[in-house]
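Each chain gets a letter, A, B, C and D, in the order it is written, and its residues are counted from 1.
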Amino acid sequence: MKIFGLDLQQYETKKEPDFRVRDKLETITVPLKGGFGTSLSPRVEVGDEVEAGEIIARNDDSTSTPALASLAGEVIEIVKLDSYHEETGDKLEAKVPGIKINVSSNQGTNGSGVDWEKEKPKNLRELLYLAGLTSFGQTGVPTEFNSSLFSPTEVEHVLINGVKTEPFVHHLIDYGEEFTLFKTGLEILARAFPKSQIHFVLDRNTRENLEELSSSQRIKIHIVEYESYMSKSKMLARNILGEEKLDEGGYLLDHGLLVLPEIFPLAAYRAVVEGTPFIRGRLSLSGPATEDRVVETPIGAPIKYALGEDIMDKAEELTIMGGPLSGNKLENLDLPVNKNMDSLVQLPKPQGSQVLAWLHPGLGKNSYTNAFFSALAPNRKKVADSGLHGEERPCVYCGWCSDVCPVDILPFQILKTYDHGMVDEVNRLQPQRCVDCGLCSYVCPSKLPLSETVKRAKQDQPGENHNYVEYEEDEEGLMSVITPEDEKGRGEESE
Amino acid sequence: MNRLERLMSDISSYTEDNPYLQHITEVIDTVRSIVFEPGVSADKSPFLRDYIEIKRYMFAVVLAVAPAALASIYFYGWRALAMIVVSYVAGGIAEVTFTLIRKEEITEGFLVTGILFPLTLPPNTPLWMVAVGIIVGVILGKEVFGGTGYNIFNPALVGRVFLTTTFPVATSSEWLIPMTGGWAGFKQFSVDTVTSATPLGVFANSGTLAPLRDLFFGNIPGCLGESSALLVLAGGIFMILARIIDWRVPVSYLGSVFLYSALGTYLWPNQVAPPVFQLLAGGLLFGAIYMATDPVSSPTTKEAKWVYGVFLGVMTVSIRAFSGYPEGVTYSILLMNMFAPLFDEMVMTFRYGPIQKPYK
Amino acid sequence: MNNTKDIFTAGLWEDNPVFRQMLGLCITLAITNKVANGLTMGVAVFFVLTASSFIVSLLGDSVPRRVRIPVFMLVIATFVTLVYMFLRAFFMPLSQALGAYVGLIITNCVILGRLESFSSENTPWDSVVDAAGVASGFGLALIAMSVVRELLGFGSLFGVQVLGSGWTPWVSMILAPGGFLVLGLLIWVQRAISPVEEG
Amino acid sequence: MKKEIWMVVILVLVATVSSGVLGFVNVTTRPIIKRNEVRKLRESVLESVNVQFEADNLVNKFESEFRAEELGGKDIYFRYDDEGNLTGVTFEISGSGFQGPITAIISLKPDLETIVGLEILDHQETPGLGARITDEDFLRQFNGKIVRPEILVVTDAGDEENKVDAITGATRTSKAIQGIINDTLSEVQTNILTDKVMERFSHE
């Protein structure tokens, strides 16, 4: 227990998650956009029969990654799916097209693998592209195809982010049983990007014995402290690239860094060695309002089905996509699972109506301050809920937001200057350093929208590339994407 | 939802609809939010929020100052409590009236001002002066700037300075000798043994130093809250551990007082009192722990807090030694309050460079 | 602006030199701790302002632009010196209380401002009315401030104890800080009664 | 060219008229102003020795009581009894107070140590606080006090012959008065008066 620090571990439910597989499905809806890239146009029509693993949408003209049918069946409808802004979580006007398939067989694919040690790197990258794996990363995985803004030669470092430090969130990989596969996946990556260094970053709690990995020169292991902000790719990149480079803004791949999720090496192993494309995603469910589990499910299955019916019992509780500190509210549990969904957290609604809450000793309340006497009762279970625990008040300049900030910015000053429209002052305060950890909003006693404001200030930065792609609505009301290439061009023009 | 809460929400919605009562809805809602924690979920990330809130934040200060307040009753009788009550009532009415007229929100900062203010006054201050002082402090020290969070000066000290300049005879010429032994002040309403000077005043006039033991435990004449160094320190340690105040300000303030007065005693022994006496006498500890650390009116960056504390110390010792006033804590804090934003600005310029004006 | 009443009331209230235009604050803060001082200063300024306005508007266009300030100053200085000597001769205690501030009426920007912006371009009658309005506004501000300050600071008005002998004097009201406080509060009151139009 | 000449003409004209008017007024008021000043000084001097006077007999009274002499650049007013014996010395003392200079009139017995009376001529002390040095209650305390070795203005004077009570809440001003009396007196005693007074004594 830390006296002078933010100890979010107190919230953790320490038990191991329950691994399970979901594959009894009647219909699935494969979204034609998941992760980085423009949304695709379907290559199938209603009535077509598709095989599991068959490419059902592909668009070589714009930056994208093919979409695959995750189960065999008949295409029954092309639907429009709700879409959410990936950064703010706001529901967008535009819809994402999806292909609804009436499942005829829950069997997987019968593909055949290749001997990865003999394949050329270029072929390995092609395999990754065809397996639908190249939509990961901030700007996609570079291949010979049009899957990323960058070319494979620009990749200097590949970083596998095995850090899960936001409260409650589980790892998607069982580092015990699946470790060999995972390790092979890393070696495949090393071959696919022969001129780059592979980094695998873990938090301290994940696995103790790592000698097996460090045998290879090409794969470097990093172990980071268990802090809630450490899982942010920008934060990890600091260790590899150094602060100065990151403060310039831009994409990580501008500096040659490709950050990929921990599921990637395993998926790459399956795609290359077993010949199974990425049609089964993994999703962790956790949080105090639900049962903890990690589920493997065909992409396109409705979320609530993928996780199990019992999630519906908790539907009135808040469901968050991503971690509780930086995730987005998920209102519609009928949405299909897409490729880059990895974790759901369910937090209970606040109980409310506690009489004179501010006079209670608060032994079960974890807090940055010790104004609660919970520090005196370390063994007592700490309650977590989605409550604001107070009303919004003017800033009193307590300075806690800048104390907890891992990248040394002054969120309250950014809020003050941003709200007054003082653009130059905001720019001076370097909001682009922010890694979106959300801790400033977490600790704020005045309940001010600090992290939200810093995010907005960051997006307004001159010369700052948006981390995410901007969307526009086309004539049919479907989402079309301003390709980041266009955006790059625009940026240069306007400056 | 229990009966009381339902009743309050009924009252609230009734006043909202009634055109004649609309303007007191704010008061009802404030009372409601004080009594019941509103069960509102965060609607933007992070969805997990710390349990700390302004009410608890402010209440922690009240909790920290409570021992010193109790001690003031012990030393000076129940009149000390009467002063605190008058301060809360008069200041509360001023605050609520003002916020209602200005149609602003009622904020919780007054919880702290209301108790800190009377503790900075001499124990024999007439009760009506306490009321005048807190009203001036709340309105001119805080509300005219926009309420809690926007004030430049520490409102309690604004009230105090107003009283000492307006009623100098009543607030700085006569002091009471505290009672000790047994139940002391808990048995009576007021004390009437009068003396003419505090230990600092005695030093300024005659160069005599009060015994340090008395200064530490509280057997000395002075303002209500400042008499016992021990209890003030205890409150300070609690607040530092609870993160309510930053340790940098008191440490740099007291440290610079110590160093400067050590040097000063060596150079001008007749004017500058020795360091330990300086630390324990007068309102220095109370000011360093409860006043200089007021988050709104002090700097917010860590480096600026150091600078602020050092300046405070130098200024306090200088005023004590070389000016007409035996005590200088109030004036130095108010003066440095004005410089707090400047120090922050300097730190930001140092850390992030000057403001770039690209289009000019 | 030809309406006599409009000209007068503008100076008296809407464009009050102290509360609205923030002019002549040095004098306002310095001498308003007693009503007698405030009144005397008000009368003195009234005399100097109306008289010099009248003279300046008579001179009118015959003064070349480039020497207008020296001419104005000469006119003002003449009247101020008159007042100064008059007070010293016949109201010795008052003149001592006002100290250097009578002499400083010369540099009072209210006066120079009116001469420059109004009297030099208008008819003698309008100028005198305007001067009277502005000077009354100035006097009104002085008296309002000094009433508050003397009442609280001494418990008296014109030196007569009105709040009883038990009144505890509010010393700060007599001193400069009280001047600032009362000025600020009165500006607040004036603006609450007739709000400033934005823009 | 014509413009410049006109400018000069106007300036000269205005200046002439202005100085003419002021000159006239000055001539008329100067005697009155002068009289006022002298009057005030004389009133204070008379009050310091506690001599009653009426507004119309001020001049007579003053001239019958005092003889003014300038010694060492200072106006000293000597007072004699009917037989011509020196009975008192009065002069102006001044020094810095808390807020600004303080000028006062002090009257002494011929021993130059016993105070007969003290009057404040001018000061800038805080009204209601330091300004209470002009109060009769404060000033009357000095009557009969002896400046030996020096006068002390303290919080509780008792009956001691060189101590007076300070003004509550105005310690600085009280100390200033103490300083002004002690400093000026010792200076005047040693440098200007002692010889002169001794001479008078022996002479008479």
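The working rule: contacts are C-beta pairs under 8 Å (C-beta built on N, C-alpha and C of every residue); 3 or more make two chains touch, one makes a residue touch a chain.
Just so it is clear, the structure is predicted and the values come from calculations on it, not from any experiment.
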{"item": "Central chain of the complex, centres being mean CA coordinates", "value": "B"}
{"item": "Intercentroid distance (Cα basis), chain D paired with chain B, Å", "value": "47"}
{"item": "Interchain centroid distance [CA atoms averaged], chain B/chain C, Å", "value": "40"}
{"item": "For chain A paired with chain C, centre-to-centre distance based on mean C-alpha positions, whole Å", "value": "70"}
{"item": "Shared-contact residues (touching 2 or more other chains) in chain C", "value": "171, 175"}
{"item": "Set of chain B residues in contact with two or more other chains", "value": "168"}
{"item": "Pairwise chain contacts, counting only pairs that touch as defined", "value": "A-B, B-C, B-D, C-D"}
{"item": "Contact footprint of chain C on chain D as seen in their complex", "value": "3, 6-7, 10-11, 14-15, 18, 21-22, 25-26, 29, 32-33, 36, 40, 122, 126-129"}
{"item": "Residue ranges of chain A in contact with chain B within the complex", "value": "3-4, 8, 11, 88-89, 167, 318, 320, 322, 324-329, 347, 349-359, 362, 365-372, 384, 386-391, 393-400, 402, 408, 410, 412-413, 424-425, 427-430, 438-439, 441-447, 449, 451-452, 462"}
{"item": "Interface residues, chain B side, partner chain C - complex", "value": "129, 140, 144, 162, 165-168, 170"}
{"item": "Chain B residues within the chain D interface of the complex", "value": "168-169, 172-173, 196, 205, 324"}
{"item": "Contacting residues of chain B [partner chain A, same complex]", "value": "1-2, 4-5, 33-57, 59-60, 105, 107-109, 146-150, 241-244, 246, 295-296, 298, 300-302, 348, 351-358"}
